[in-house]
Amino acid sequence: MEDKYILLATCNDKVGITSLITNIIAEYGSNILHLDHFTEYDHAQDTEGKLFLRFEFEKATQLKEALENTLSQNDINFDIFDTSDKTKIALFVSKEDHAFNEVLLRVQRKEIPAEITCVVSNHENNRHFAESFNIPFYYVPSNNDKAIVEQNILDICAKHEVELIVLAKYMQILTDNFVSHYPNQIINIHHSFLPSFIGANPYKQAWERGVKLVGATSHFVTSDLDEGPIIDQDVTRINHRYNVQDLRKIGRHVESSVLAQAVEYHVQHKVIVNDGNKTIVFN
Amino acid sequence: MEDKYILLATCNDKVGITSLITNIIAEYGSNILHLDHFTEYDHAQDTEGKLFLRFEFEKATQLKEALENTLSQNDINFDIFDTSDKTKIALFVSKEDHAFNEVLLRVQRKEIPAEITCVVSNHENNRHFAESFNIPFYYVPSNNDKAIVEQNILDICAKHEVELIVLAKYMQILTDNFVSHYPNQIINIHHSFLPSFIGANPYKQAWERGVKLVGATSHFVTSDLDEGPIIDQDVTRINHRYNVQDLRKIGRHVESSVLAQAVEYHVQHKVIVNDGNKTIVFN
Amino acid sequence: MEDKYILLATCNDKVGITSLITNIIAEYGSNILHLDHFTEYDHAQDTEGKLFLRFEFEKATQLKEALENTLSQNDINFDIFDTSDKTKIALFVSKEDHAFNEVLLRVQRKEIPAEITCVVSNHENNRHFAESFNIPFYYVPSNNDKAIVEQNILDICAKHEVELIVLAKYMQILTDNFVSHYPNQIINIHHSFLPSFIGANPYKQAWERGVKLVGATSHFVTSDLDEGPIIDQDVTRINHRYNVQDLRKIGRHVESSVLAQAVEYHVQHKVIVNDGNKTIVFN
Amino acid sequence: MEDKYILLATCNDKVGITSLITNIIAEYGSNILHLDHFTEYDHAQDTEGKLFLRFEFEKATQLKEALENTLSQNDINFDIFDTSDKTKIALFVSKEDHAFNEVLLRVQRKEIPAEITCVVSNHENNRHFAESFNIPFYYVPSNNDKAIVEQNILDICAKHEVELIVLAKYMQILTDNFVSHYPNQIINIHHSFLPSFIGANPYKQAWERGVKLVGATSHFVTSDLDEGPIIDQDVTRINHRYNVQDLRKIGRHVESSVLAQAVEYHVQHKVIVNDGNKTIVFN
């Protein structure tokens, strides 16, 4: 990703919004490299509803300030990102390492343009892997008082100026208090094709129901467990020969790639949460 | 499919079953063309449990009788099919024609080796298509007393010696009484990736939940609506741009192919129902 | 598709193009419903190269004329479509009916927003299906002098004011002269994943090479056989059990859906040919 | 994989082969856990041709010897494997680490039941990763005389009693002499959907042709470059927005999983090479 600006903007749709923004960008001599535009259809009103925009464009002196002024004056929600600022990630993991390895390695290979600032785990077994890449590893056992545990973790995240928490098979439930510190900034991988098999042991549930595909779902964490806005999903074909153990094994590959994909989208500023329960993913 | 025998067999697994069957087939000079073998792992006992077998083999004089004798004496559940006997299908449809068209055309092209003996519908609009292929079409409106309606339909099926009922978007719920006449002989297409979005209007549910894939499920009909043994499933990728109408449209393609695939497996005698709620599909 | 305008535009990329167009649309009080924007990276120059745009926007009095004036004055190649004008299709087919049936039925169900004005075939067997939908069927045998045959077909297409020719398994090679009458207006389905297995009998070639997936490719027809710009491709998984006959059978489903998809994209004005050998598909 | 025997057998098909083998297994009190059977259709003769069998069955005293005797006397080619003997792998890699990481990590997680005995590379950059798992790493630069380089590598493989060489993006061409030491025991990953884009820089070729899917192919290495028997293939969807660099990036995920899958099949003894240019994969 070369050095440029990304603008995410949301507002009620009306004539002239795109024109307004493109005019400012052109005025400052910046070229638009990419532009995504989505007008949500309003089923209730049977009319267009909300407008979602994403621009990639060249940097130019004073352009950012000009955009900020105009967009603020026009009641448009927005964020402007400079792609030279990499998103600071904290990677949370328990014992299972597959999703953790995948995200970490994709960041190392610069496939995911981000920075992993620290790893937090309630087990020691992934320390070696993290430290072999010179990433600080924090062992925070989960058998303490939950309030204390979470405060420790919040302190670690604060110290590393974390902007995104990635739950790479972190098998602990976070409290509403914790989640409220990182709204739409915690991404989890659930090991089923949601909303199927909510709750514990989804692969056992899948085996018992006799489904012919198993999947995984990456989503933002909200106070409603397994109900957060879905970012990405995928499935893989199985058959009657797969026992529960086999489902777990093949499911790992889907979990790893679906989580890594969601993180990539997020740090590329391609994801907007719509109305609290859905995502726009400009991919 | 050339002219041959297909044997489906199920029993508790023990040493020597496959040997027993292959010996008889060899003894009568018949060559095995295809052989599927599945030993189900018994999670409860942590041991092998039930054995499922499917053989395709050449015809030979007296072979069928010899197999029937031996298998019966050994407590093996079995069916022997002659591939020259095509399965007799009744195709049920309401207004929407896509799944109906797909199954009918695949049978016409001999991609599905079966015979469509009749079409039953609670609407008139698909009469023309059925009759253009010289297939008898029965209009049975659903606004009568349900017992009478179903008796009419049972009479039609009996008259045509129907062996398989395919619900190709037949939007009527069948009573337990009706279903009991055709155990594991009624295949339905549900317009979601079960067990997600059980019940009415699954595409609206999918849109509201913001999933990133929509799917379809073909299953045997049992007295438990949407809970019958799953035969096949597939999904297709969507994104935030799809409104409910778009989901319905793209979903049709998945519905059609998943239903046609299930019918094809069934009439090729590749499907065995296991314990009432799952299928073995030897594909 | 509701009643609106679609603009496709192409030019060398420079600052201000999108601004220019959105300003006119806003000036006439029209709301943009959808906007796609693609700046092609120029590998040779290591810089942005050409710009491709697609707008969907509300109709407004005089808007079309205003756009036409401005775009012409600014050296921008463009087309403006009114979605109430359905594309007029001629469907060409030989003996095999699967792709022909699929395209025809999707148009009938309004999944593909177009009009099939006529069917042209060198065989009689698909007459019945076409005529059962009241679509004129022209039998043009191919065992005549090729120049005469093609002139007959051109006359039929002219009479029906055909805008798009769909070769739904039309197993005749069209001359350069014929193709020159419909530049980027003839869509073919090739029964392989191009550029694999160019030429005759691709399924036999695929079987001999032992590939694990077979596919199909829809492309615009140019004077270079099998080399035209690719619109869509898909594959399906096979294994060693599939003989050549089985590959042909399973391949039909991919061929049908890949052709229908390409036709749908085209008549929705989502396809732009880039430099004669590639497509932009705004899907 | 529990402790059991796996038998792979091949012969000309005739009546009684499966009976012969199952009888011996039953005689020694062993239960068959899994059985795959494939009769290849002979297109030339229009008849059944060769028979391929794979059995998984319980161990029993003297059973292996009994099978060896009988199969040898009946002109059946076979191998019997004890699943407690893990296949000894040498992993070859150049600079790019993705496929190397994937195979190594899946073996570490016991998803692939094998042992990586050593890593061979013409670059130093992957030493750290290999050694962090205590796997011996051999740096064999490729800028020496090829005969000397290959002899060095052969010595390393001999020392580690290597049974399978995995080329995880090892960008050196092996000589016929080298390959002849490991017939059907060297697995390569080619970064295209073969036979498309044979030769150098397949992603550039794919970009220039404008395909809509890119893929990868794992195959046994033979003296014919890019022509060895294909074990597995997969593809991923792309569009006009992907430049060559993007194709390389997304292609890595397919390469990694297709290579790891092939290695898994091979060490599970599921792959038989048929006639030198195709594979049977009993998956």
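For reference, chains read A, B, C and D in written order, and residue numbers begin at 1 within each chain.
Note that a residue touches a chain if its C-beta (ideal position, glycine included) is under 8 Å from a C-beta of that chain, and two chains touch if they have at least 3 such contacts.
From a predicted model like this one, the values you see are computed outputs, not experimental measurements.
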Chain separated most widely from chain D, comparing mean CA positions: C
Winner on C-beta contact pairs when A-C is weighed against A-B: A-B
Centre-of-Cα separation between chain C and chain A, whole angstrom: 36
Distance between the centres, which are taken as Cα means, of chain B and chain A, whole angstrom: 40
Multi-chain contact residues (two or more partners), chain B: 38
Chain C to chain A touching residues, read off their complex: 13-16, 18-19, 22-23, 25-26, 29-39, 48
Touching residues on chain A, where the partner in the complex is chain D: 97-98, 101, 105, 109, 111, 128-129, 132, 249, 252-253, 257
Touching residues (chain side chain D, partner chain C) in the complex: 38, 40-41, 43, 193-197, 208-213, 215, 229-235, 239-241, 243-244, 274, 277-281, 283
